[in-house]
Amino acid sequence: MKQIKISYIGGGSKLWARSFMQDLALADGIGGEVCLYDIDREAALRNQQIAQRIHGKQEAISQFRYTVADSLEQCLVGADFVLISLLPGTFREMRSDVHAPENYGIYQSVGDTVGPGGVLRAMRTVPIFEGFARAIQEFCPNAWVLNLTNPMSACVKALYDTFPGIKAFGCCHEVFHTQDFLCCVLKELKGLNLTRRDIYTDASGINHFTWITQARYQDTDILALLPEFMDRYFESGYYEKGNHRQWETDTFAYANRVKMDLFQKYGALAAAGDRHLAEFVPNNWYLGSPEQVKHWHFGLTTVDFREKNQRQQIADSIAMATGTMEVPLQPSGEELVELLQAILGLKTIVSNVNMPNRGQILGLPIGSIVETNCVFTHGMVMPVTASALPSGALALVQRSCAAIDLTCEGIKERNLDKLFAAFMSQSLCSTLSMEDGRKLFDTMRENTKAYLAPYGL
Amino acid sequence: MKQIKISYIGGGSKLWARSFMQDLALADGIGGEVCLYDIDREAALRNQQIAQRIHGKQEAISQFRYTVADSLEQCLVGADFVLISLLPGTFREMRSDVHAPENYGIYQSVGDTVGPGGVLRAMRTVPIFEGFARAIQEFCPNAWVLNLTNPMSACVKALYDTFPGIKAFGCCHEVFHTQDFLCCVLKELKGLNLTRRDIYTDASGINHFTWITQARYQDTDILALLPEFMDRYFESGYYEKGNHRQWETDTFAYANRVKMDLFQKYGALAAAGDRHLAEFVPNNWYLGSPEQVKHWHFGLTTVDFREKNQRQQIADSIAMATGTMEVPLQPSGEELVELLQAILGLKTIVSNVNMPNRGQILGLPIGSIVETNCVFTHGMVMPVTASALPSGALALVQRSCAAIDLTCEGIKERNLDKLFAAFMSQSLCSTLSMEDGRKLFDTMRENTKAYLAPYGL
Amino acid sequence: MKQIKISYIGGGSKLWARSFMQDLALADGIGGEVCLYDIDREAALRNQQIAQRIHGKQEAISQFRYTVADSLEQCLVGADFVLISLLPGTFREMRSDVHAPENYGIYQSVGDTVGPGGVLRAMRTVPIFEGFARAIQEFCPNAWVLNLTNPMSACVKALYDTFPGIKAFGCCHEVFHTQDFLCCVLKELKGLNLTRRDIYTDASGINHFTWITQARYQDTDILALLPEFMDRYFESGYYEKGNHRQWETDTFAYANRVKMDLFQKYGALAAAGDRHLAEFVPNNWYLGSPEQVKHWHFGLTTVDFREKNQRQQIADSIAMATGTMEVPLQPSGEELVELLQAILGLKTIVSNVNMPNRGQILGLPIGSIVETNCVFTHGMVMPVTASALPSGALALVQRSCAAIDLTCEGIKERNLDKLFAAFMSQSLCSTLSMEDGRKLFDTMRENTKAYLAPYGL
Amino acid sequence: MKQIKISYIGGGSKLWARSFMQDLALADGIGGEVCLYDIDREAALRNQQIAQRIHGKQEAISQFRYTVADSLEQCLVGADFVLISLLPGTFREMRSDVHAPENYGIYQSVGDTVGPGGVLRAMRTVPIFEGFARAIQEFCPNAWVLNLTNPMSACVKALYDTFPGIKAFGCCHEVFHTQDFLCCVLKELKGLNLTRRDIYTDASGINHFTWITQARYQDTDILALLPEFMDRYFESGYYEKGNHRQWETDTFAYANRVKMDLFQKYGALAAAGDRHLAEFVPNNWYLGSPEQVKHWHFGLTTVDFREKNQRQQIADSIAMATGTMEVPLQPSGEELVELLQAILGLKTIVSNVNMPNRGQILGLPIGSIVETNCVFTHGMVMPVTASALPSGALALVQRSCAAIDLTCEGIKERNLDKLFAAFMSQSLCSTLSMEDGRKLFDTMRENTKAYLAPYGL
């Protein structure tokens, strides 16, 4: 029985924490302490209470003690693993990220990764991560660090730039959903009932814009089935998690029409929700207007919705913490706990995460943060080399990767000119004129200046 | 006295040929034969007559015999140098290249390098160059090949892709004009009267989007003078070859406001005419509308103008050939003849040309066609490594370079899907929706299908 | 139940074939045909008979039909997998490879990979592999090709150079033995009873000179235990497969003193038998004389021994084929069959094999054949990026890798000057003067000229 | 007239300083101050007096004031150029470098670049250069730094490693002599009377092991003439600076037989004196014994000779300083002053120097110090990309380059294990056994420990 300390930074108001706590309670072979740290101490305390209720259940397998730290130092000292999951700023800033660009015709379906919103969010988040990296170097330099925070690439890059010896990677479940989609294809055309763990996909790209270049179940080439599948479903759309019209009522749903369209044009399967994919190409391809978005069968997630949604989540948290609502205890479908177990040497897993490029993708710069499969096992996380992207897809990925690296460089140097250049180089700013771009950038900085002190604003 | 054979392919209706003939007549140390080959045999014969008149002048120094070849083979056999300067297709195709995109709000100031026009022009031109390369491999594999044809990068790449052992480079005078501009800066702020050969610039990029990263006269850093110069001239504009308002009446003139604006944003000096530069960035930066173009003080060169201009040039040619118009004989300011002399070992020159990247620019792929300084001397043309581009500028260059490489790959494979992807990846197509893009691409292919047989169209 | 066709080229007189047949008989989930092809048809027929006896046993699980092909074409048509295991030439040539250099003071413990013997063996073998690659391209281009033949790197390189679309890798069990050695370390110092599959090692290098840079069991860093282990065993030596003095009587045994010495000097664990390792460093380090070899506790395998050994093996084969000797049926410890099952999608395995470098090792040329871990799964074999070698070890690997690449280039071009340069660049030729080198190279070519027709000798 | 300050560190007892002072006195367009700094202050004062005598001559053109600095700071403040030319340690250490290895059969013809002597000399010199780099960063960060000190590559690397923003390069005249040799070839076979500046060579490699891959005079390929030249002179040898038997009496002379032999084997012309070249290949190729050295027609420079030679030089210096000996005033044939003039923008020169690889040589690591042509002009020194080395030559260069980089890494980390690995990886240690290597390394460290304080010895 491995006794470990897991430090959880943030996570107070997110579902990530709750599903992690459930999976952890159901894990075998491990036990120890989970130390919660959140600048919203109330949220951390609630999570502690929820965790205690989870572990009080009969079905709970592992034994974990949950503590709440008073300081980052206290949280990190002695950690074997550090999880970071936070929202920089408030909904006020997020509202600016997502909606301010709409005044200039720039619609964002998510607004937290790339595009105008992604750049501003990176500007707020990265300096915080620089601080985390310094603290980790000081208090737990040998810990494995799992980042769950967006913008993923910029956050992971900041960790490595600040503390080159860090052992960090970024986890994201978007590829999993695309693997689910491929299982639906196999079911539809081959009558096979499989889960995503039964198949194997080769992934190559950057977070939220990873591409599946090969997908196989035994000797079946799943990508080769897509043309026939698309003959049936391109028009209507298809949703791996429900009804193909669910996007009309569920802001997080989509119908994979963007994904299928990109496959037709580029010959590889972009592996994230359509809401994310649409943000990595020129904005007039899929996000040109609310009507165009509708045409492609997905929606623009509003911050109003997010606020309401979070209020509900917090209410649920309180209810669960205080016992007025039952805490569920079942596997979440996420892999975080399994990755931990693999790193502890209890199993070997191949899964896709975000790490600095050290050769796994030829054609992207060494050191850029890329998403590929990695082997997780006995204290090691080793990137697997990816097969070549089709040239057209590679050019798209290179463009976004360069824009992200430029953003990171601008942030590192606290150089607003470079940041404006990075802003204008976003694919989502394709239809934005230089003058409008300047106005929009200035407005968004002004809107969020409470969190931009590092830039002297 | 070096006796050489120069093969000149095309050039019938272009000024390039005439200025080359003049410079050649004024050259010392060389003599021999110039063999002209043009599918418009009349044009070649006219050039032959003009050449004879030039060499009949007292001021003529060298002795060159001009012949007209009946076939490409006859032209190439025994060649020491091959110059290629041609216009693929007719004005009918060029009209489509330049003006068809206007129906979708895409304005092009030149339309022969990148953007929708550049892609279609490459599709027509590259197969012809593949043929040239095969013929050169067969008939004169050791000749040096100077390409003057646009789109420059695609043409030079086609030569090397088809015959890897070729000794070829592409010449363009755009950087020279920017060097003239820098001399004006020195004159204005330092009172120095210099020509572009007195200063030295470090150039890095791709044709028509080369950047000057360092410019020095002795210990004076000329780029460091630009902010002061721009304080004086950014508003009005400044034209190194004449009045800053010349662009209002001269379609080839510009006022360097684009160049100065890019310098302000990126910290390096893009070194081509503003008409070219504007085509390498999103179309809404400088080419968003005829009004925006006017705001930036340059013009959209129409094909009407080009037709009229060419008619005049042909009339002039006839008049010069028949002796009713005097043929001028004075140095043109071009460097072609000097490059020949240097390759022959008569001098050593450093000048910027286009060659496959073999290390001269870190950050662009090995094998992509790039423009940097090269040392010309005794049978060698050796690219000089360029200092690093500022990251923002590099990202812009990488994007266009990838789009060109994708275009070349699509042409090489005769793959229309890849070509459409390349078309949509053009910076000039930034505001173009996917549907409009498809329509425009199809229209432009239809318009020019007479020259697209290699694609089975 | 997967029905597959496995083509087995060669293997007539080698143990590899027999252990493969046993493992195959014990495999579940697969069945079909094994088609044997050997230029020694008798040997193939014997293997067929042995296989039939194996499958006649009660413990046999799978059903495989063994056939003997009359031609390479017949063998390959329809193949899903191709195994190649052959000995180019006869013992006459091997005698020259191994012993001719002794006249010049060059002792080789194996003589089939690098060094003078390795170069000559490559010269004989690679042209044969070029033929295999062409045949595979013609008759079974989608088959997976497993090479078991030495010199491994040159053979695999020849396959990819000749047919770039081939799906091939090279298998070698040397790393496995080093993993066994690490298990002994864990047993000795931690009291853990583990097999090599329980631990995980990161491997980086070239065949027979692969290095383990990380080795872990859960949170135990096994390499960190080596200093203590070496305090106990460096003097006496230690043999993972038996008594530490077994090398005195068993020519294939060794005592890991070379391996421990290299670890002390370079900080990583070279992962092959000492007999192999000693051939990758200057010959005066471990192979300077029979006495020095003895000092390091291993032996020089003579061709006399190999001949006698093979006679015994053939006698055994005949006995087994005819039924006068029992054929054993138990797992061999090799992984070939498991790799096949993984490629068929029946499991996922991480194991080390030899493939072209596509990024898995930074610091070695792209395209050189390198040995690292790979993920085997559902129709894919994906190299895993290796962590950095210590600089000193990397320099040693680079040197041998360059020498191998130079050998391959010389063979490909049938260029004897380049091959002599490659010969002199072998680490094992360190003490050889240029004149002696010339004489030795000429003698070895003369000795083996019956198999050097491709070079016009 | 450019007024500049040149700081000259060291140079007290070397010919370099005197020839530089002469060339400087004969230069036009420049004037100012030369500030001398030497730990042997007497030597600096002598050079000052000699300089004054030189400038007192009628033929002197420029006006330079010579000063002697009391401190490194005083020397460097305000410098435009810094020249560094020094001998670390005394002849006592050099005696160990050169002769201690002879006890183990390792003969060195120079012993200051690579081999056992080169490693120890680097260990003494590099820490001093680290100090220079820090001082330059503090006192004259914009100065151009010209290094003349051996081991060249390690010294230049130390400058860049310590102060990445430094503008430094390393000058060496070995390639010049090989160019002289090529002029002799042209004279012999073509009857042309040319100097090395009339021809052009492409150079690629590392200091003292640079290779000429192309050499041309106009359309004459000089390397193509070598086979005929070698038919005449390989046996006797040929010396570009005198009689082919001069090596028998002049320790610095050689007969180019090593160079011609390497050309025959590798297809490119190694461009340094044979004494240097022989040290970059296994020691038994040319330096196996004093007899073998004689066979190749060059000599082993003894430290006895160097001591005697230096005593004479110092005596001469004193005589010149005090006026009892005439100071000559004629061009030295070196290029240092011309390089200064070119950097000042007074001319453009292409010449070979040592700089960090930034793409000029594909196949060597980025950042390693390499020697290629560079363009010198107006405040810039830009490496020219080199054409590819033949594979065999490249492998030799890679090996020595890796050994030098490993030496530098060991020095930077003050890591004696890494340094011993670097020591054993020297080509000159090819015949050295590991045990002898250890003894020799320890002896040489002990011999020179007075200058190895940075390593805690």
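When the chains are written out, they are named A, B, C and D in that same order, and each has its own residue count from 1.
Definition applied: a residue touches a chain if its C-beta (ideal position, glycine included) is under 8 Å from a C-beta of that chain, and two chains touch if they have at least 3 such contacts.
If you're wondering where the values come from, they're calculated on a predicted model, not measured in any experiment.
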Chains contacting each of subunit A and subunit C, listed by label: none
Centroid-based (C-alpha) most distant chain relative to subunit A: D
Length of the line joining the C-alpha centres of subunit A and subunit B, rounded to whole Å: 45
Centre-of-Cα separation between subunit C and subunit B, whole angstrom: 55
Pairs of chains, among all present, that meet the touch criterion: A-B, A-C, B-D, C-D
Contact set on subunit B toward subunit D in their complex: 2, 199-200, 202, 214, 216-219, 221, 344-346, 348, 350, 358-362, 366, 373, 375, 377-380, 382-387
Of all residues in subunit D, those that touch subunit C in their complex: 261, 265-266, 282, 284-286, 288, 292, 391-392, 394-396, 398-399, 402-403, 405-406, 409, 417-418, 420-422, 424-425, 429-434
